[in-house]
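Below are two complexes that have chain A in common, paired first with chain B and then with chain C.
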Partner chain A sequence: MSTFNGNGQSIPKIGFYICHCGHNIASMVDVDKVQKYTASLPGVTVSRDYKYMCSDPGQELIQKDIKEFGLNRIVVASCSPLLHEHTFRVATEKAGLNPYFFHMVNIRENVSWVTGDKEAATDKAIDLVRAAIQRVFFHKPLVKKEVPINPDVLILGGGIAGIHAALTIANAGKKVYLVEREPTIGGHMAMFDKTFPTLDCAACILTPKMSAVKNHPNITLWSYSEVEKIEGFVGNYRATIKRKPRYVIEELCVGCMDCIDACIYKEAKYPDEFNLGMSKRKPIYIPFPQATPQVVLFDPDTCIDFKSHRCKKTCIEACDRDAIDLKQTAKYEEINIGSVILATGFKTYDAKFAPQYGYGRFPNVFTSLELERMVNASGPTSGEVLTKEGKKPKSVGIVHCVGSRDEKSNKWCSKVCCMYSLKLAHLIKEHTGAEVYNFYIDMRTPGKGYEEFYDKLMNEGVHFIRGRVAEVTDWALAAEEENKLTIRVEDTLVGVVRRIPVDMVVLSVGLEPREDASDVRRMFNISCSNEGFFLERHPKLAPVSTFTDGIFIAGACQGPKDIPDSVAQAGAAAAEVLSLICAGTIELEPNTASITEEFCSGCKSCIPLCPYSAISFKEDTKKAYINEALCKGCGTCVAACPSGSIIQNLFEDEQIFGEIEGLLRFAGIDLAGSETKGKELEHA
Partner chain B sequence: MKYIYYPGCSLKSTGKLYEESLLAVFRALNIDYVELNDWNCCGATAYMAIDEDKAFVLAARNLALAEEQLKGEEEVNIVAPCSACYMVLLKTQKYLKENPADMRKVQTALYESGLAYRGKARIRHPLDVFINDLGEKEISKAIKKPLTGLRVVPYYGCQTVRPYSTFEDQRNPVSMDRLFKAAGAEIVDWTMKTRCCGASLTGTIQEVALPLSYVILHEAKKRRADVITTACSLCQFNLECYQTDIDKKFKTDLKIDVLYFTQLLGLALGIPPVELGIQRLFSAPDNVFKILEGGDHVYV
Partner chain C sequence: MDRSKLAESFALDNTATDIIEIKRRIKYENELDKGFRKKIAESAHGEKLYGCIQCGTCSAACPVSHYMDYTPRKIIQMVREGFKTEVLNSSTVWLCASCYACTVECPKGIKITDVMYALKREAISGGYKHKNFPASVLASNFFSQVLNNGRNSEGPLLLKIYLKTNPFMLFKNMMLGFKLWRRGRISMKTEHIKDKKALKKLLQSMDNMKEAAVI
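Then we have the complex of A and B:
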């Protein structure tokens, strides 16, 4: 048997299949013509058309032909490879042929769906098919690599999403490292009083999960810690975690708070972060009663001893367990993990950027998060809703969509604000009996029991005024507006501009990506959508995966989400991680690049270009080296290499040139000379 | 750096005092300026509403002239103190940048008179120049008569900041606040900074315009302000000259001084009132003089 392209492969026997895709392709492309034309091309042994190539009979057709005619190349012209490349590769492999002898031509998304001109469509289909036929001549058998998966998991963020994912994975018997930036886990949910629409007490349903995390033998909880560095690839990541100093030895502290009582500051003096500055704390503190871990920490910015070293250190004397260590420094932990879940959450819109609503200017304008703390029994007012003057408000206005659905700030709907505004309206009415006005653009209450909750609120006598609030102001036009805040709004249902005087205004602030979301994105090599939330691999079919294998996302870091949705995503991410772990190994696509060492000049041009940090420099040989497990086959280095020493599987020069020749010949340019089969093979 | 001063029509007529005070302040602060040669009307809102193409040519001609006049300079800064001019020039620049087809039309028209607009000119408001080019430090150094004890409510009006301003927050501008803080005044914060004064409706539909001016004056009074400072000829005129009508209509006694911000800044810089056009005001700013020691009462 004569050899072909020097690789010891036999002369190709190509099987070509064109799919009708029902009417999707066949109504625009003359499949019969394409099929007949392709049959005449050199190397093509079988050419067929079929209604649905992706169906079982369609796949069996290929397998039967491989066996019967000894086909060694398969080309299918159908939809996008994103959809069915895998299907056909598996079918090819089942018939005993290396799956990389299969090639797919997209004549649906690239041809039939984008034109109304049948003739042009058919011509283009022929064009693309011919290129593919000429390309597969040069295909080589490739083997997928298998790498083992480290079963340990890193979860970033100890909000409800991170907690739920951690417990799910840990309960399956796998080891989890839960890293939280704040001194306690619990996230935003720990700040809430009640949850919509059931009005469950947030703490009652959250704190059991928090202590379960703390006590779980499979979970290592590192609070007050951040990821410094991560490297590696799916199944084999290595991370460095920075554990910030609390100046208290976590293992010794039992959270008795004797040190806090003993602090030389008799009164709390500094704004309490957990209560958003509405109450005070001492330099040594615990964020809130159910904080997990129940360990105190020092704030070096406010503790006298850190500033002047002249404190009597009554706190140290008070601690029976000698847990206080003012000389503590940051600790670094290195861990090996196989997969990561990012559940880093969100931040709320800074209402100061909407100056027309007077936040920061008028003392009785609050954000919704501040009100959540206020209605919470452990909050700054012990659950009382009070104005800054310390009185119960008689009327409260809740302004929706502050930092949401706004051309000037954030264009997106924050999804949770309508519902939490309803909840706050209910709680304010319950706590104070005040008249409550909701100013909304549209009420968005999709969700189980949500619309019913809205209905309940309307029956409770909460007012709903449809219109975006123009401004919150203290200028009074009438006597009843004096010494009040007046909300100016166009009531779009009545068609008039209204002025509604209230004692207190609550701004329903929207949800935003965290400030450092893009740093995290870079560190973990994933993408962000335009608004800055982490981007999922597919909005519908891969909602918790990212474009980096082994890195998953859950909760509001992916987009605004309420608690049920965050928990659902956390469960989904945990399932994805467990599926990886249970597989034990992962197959890596072989379309990777590799260096031909004898041609590599060691110029290092390729190294900074690689978006996946897959290329390193071997100092001993002075050559570049590509880690196949990290390489995604983007081809950037191949194009950049000045000495042409990088080769990419499935995109080798001769394969690409073959494809180009096929295209150009259609355009009337014949690079290969005459059309005879013999010549064509000779050229190859 | 040399600034091109583009007065526009109103600073040569009803806003004469704005021009006098602005240029006096420029001189006192050593800001180098030269008036734009052969300038024309910016088109204001009236022209823009009737024929945009011609309005853009009118405005662009001024920008082209400025570029021509400062040929060879690295930067062309054109200072437009009138808020309508400022807004129209900015609008023209933005619109022509975004619509190449209209840009070609405008260039063709300009070419007829031997001009070309290169998009180089930077359109600046005097507040922008004072705060961002000069800075508060320089200003406070130059202050000779600090405005100590004077309660100032800065009033920006609509067009200075909306919708195209390049140097200010559109809903809560602060440059004038910063300027007078640097001059030693006590700044009174309020929510009326960018509310409409009624604009030209005072001349046409008074029942709409007067309440608009009223709430501004009323709120300033309620906050015990001594003076309202404005950056627009129309705002200054409406707020100052209709006080009697408003008092009659709303049964109030709203007497409050309304000065151009350049006039008050000029007083703080120690410029004689007569050079700041104070005598051209409809009512003497007694309050301001009473509080600023050493000031002369000037009556028309």
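Then we have the complex of A and C:
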């Protein structure tokens, strides 16, 4: 160790602590041996083992030793830095030592949990510890940077989660930008008729919240808009919002719908998106009666004037407020915000991918979402449950798990289908008095009042047949099956294959990520789990945070979720945002990279490599410049710099080489050539 | 093509019958009795039948379920789905020892033993006879004897049951019967109470009361 004091710092006095972690580490690693070995290494003043280093007495042990022995470097061998690095840094700081003189060695996740060989585990622990000891020689004191938090919030998605989060934050007096892609907020919940298990009307509980959003002085509602670009870092984001043209001036339109009546098309001709194409709308329309904002919009693909410019424009004549502007173009708004909540929701599984159920082939096979619209009073049939022939069905089959729990489509359980199928069964029975059959694999009704709802449905006389439907066919094998759809299923509880003829089939389609979820994920630089839903920072302890600070998630974009859970998550995300805002400032980790200007050649090779766009080029000096607030310390630029002019705090060359040197001793390679103690112990 | 014929050919493979017995197991809806579950649910203490969650506690608690062709759990599901013929022909209803273990343990409070009784009544009145279980013959003969004579006479009852179910058993047990008769343990006389007319009157008035109650 000839170079350890090269930077002129005081001679290191290292305190080493190894944690038993109960039996987690001690059962696989010979803690005593590691402790004794480390005590023999140069620079180590104190070496101890303790049952739980993260406990208060464990932390106090470190602090006491720092004061007593004047320790100036601390190494703790325990669990993952993700879990307790912060704990120990704080403990170190409390004893008056710079927290970056502390280093953590992971001998639980990286050693004891991943092997059954005690000897190998102990050897590896020794190697890792030696590497850490040689590394901390070169640690330098670092200072955290503080940046202020912009109190404005951007919320993406105006479904129930986005609405709830927006109202919570706005009620706390903070400014919220709510951006919704569709012409109206409300999301999927606005399409539902009733909500389980209480069967209260979805619109009755949702529309008051929608108009509260519209009228809230702290909420800027931008419907029919999308985020184009976002840049910046926690507390200081800058977003560009594209406001798509409605061809109607939002501020002037009052939603009187005179223009719709005046449209040259006397009959509605084009499929209505809100009713999933089951009813028709005109080229100028309002999605549904309670749409918020109450503003009409044009569909340029179907409007005659957009296609041929030869329309009489009766709509413009009818509007006495001059709100129609057919020359409108997309508008871009730039906003500064401090944090973002993503509540972009889900999409339902496309039942066409399950051809055995005949969706798209048989007119009387519907998806559950279509049936939701059908039972809704403002839906295409004004609340009547009717087959395509316009008749009330006498029997209806509800097929659960369409596109869920299937290796060929989506592996996961969509969580809400059992409950909404029960609700639909109840509504169908109430509307038509039909015999209703539920075909399920497992009935999953965890939740307050959910099992009771299932019990209620069973007592209403709905049939529950345990078995996954093999096919829906119109091929009649018996007289009773003529002109009906026959469901072929094993009643696994009786052990008999049955053929059940029904008039209508409802497919309970599962929930999946939106098709552009990965674009959103990339734009906001967050991760997703392998099924495509946004990934939370921790599945239990940080369920609405992401790995990017200042970006939070809520609702079904994180995974299938019912309304109560979405609202709960929205509240949680709002609380996280408010806690950021109330803190006022945030500390940034100092492990950032910086440019040594005298060595920088201005080659610009680092600039496109930075995944956080933190590097810019200073034209006046012809040198690269790293914005420390944006830098996440990934080290890509450090490795790429041809002149070695980029240095990263906590990962300086001599620190890394020291660590490597310590590790390589394992293979009998001694870079420094002077230290033989370790070797001797290996041979012993 | 004649679809019903096609269906038969799907369901029954005639060429295979001489190798092993192959039974058609698929169920068409017209083979099921849609009103059956309602009938059983409306009988005494059957109303909670619909709430069955098919947990199988009843089958596991039952001391004789391992002899049954359908376990009690399966019987409940079959009743709910209208498998009338299978249920009423099953041994389950006759094997039930009425120990009430299932009723005590059922998490949904279904009176399974009472459901079994309802099924027994259904089987007897519907003329479903299980060849190994003459219980229905015993029950109907016992009741007609008591109603007519006011008393049960074991000798004639046994004779009747053997003659109606399995006359060979009569020969097999003849010596035992003779021994019992010689020691006065069994009598071939039909016993009756003194005032049969009064009994008739009593039963008649009960029937009237029942009718009045129904009206």
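For the reader, a short list of remarks on this structure follows.
Here is the rule we go by: the second predicted complex is superposed on the first by the 664 of 684 C-alpha atoms of A that agree within 3 Å, B and C clash if a C-alpha of one lies under 4 Å from a C-alpha of the other, contacts with A are read in each partner's own complex, and residues count from 1 in each chain.
Note that a residue touches a chain if its C-beta (ideal position, glycine included) is under 8 Å from a C-beta of that chain, and two chains touch if they have at least 3 such contacts.
No experiment lies behind these values; they were computed from the predicted model shown.
Once the two structures are superposed, chain B and chain C can be ranked by residues of chain A touched, with C on top. Of the two partner chains placed by superposition, chain B and chain C are both touched by A:477.
After overlaying the two complexes on the shared chain, residue contacts for A:361 are found with chain B alone; chain C is out of touch. In the superposition on chain A, A:530 makes contact with neither chain B nor chain C. In the superposed model, A:308 makes contact with neither chain B nor chain C. Of the two partner chains placed by superposition, A:40 touches none, neither chain B nor chain C. Comparing the two interfaces of chain A, the one with chain B and the one with chain C have residues 476-477 in common. Residues 169, 171-172, 189-192, 215, 218-219, 222 of chain B are the ones that touch chain A when the two sit in their complex. Contact residues on chain A toward chain C in their complex (touch as defined above): 435, 443, 455, 458-461, 463, 465-466, 476-481, 491, 493-501.
Across the complex, chain A is touched by residues 3-4, 6-7, 10, 25-30, 34, 37, 50-54, 73-74, 77-78, 80-81, 83, 108 of chain C. Interface residues of chain A facing chain B in the complex, by the touch rule stated above, are 354-356, 358, 361, 471, 473-477.
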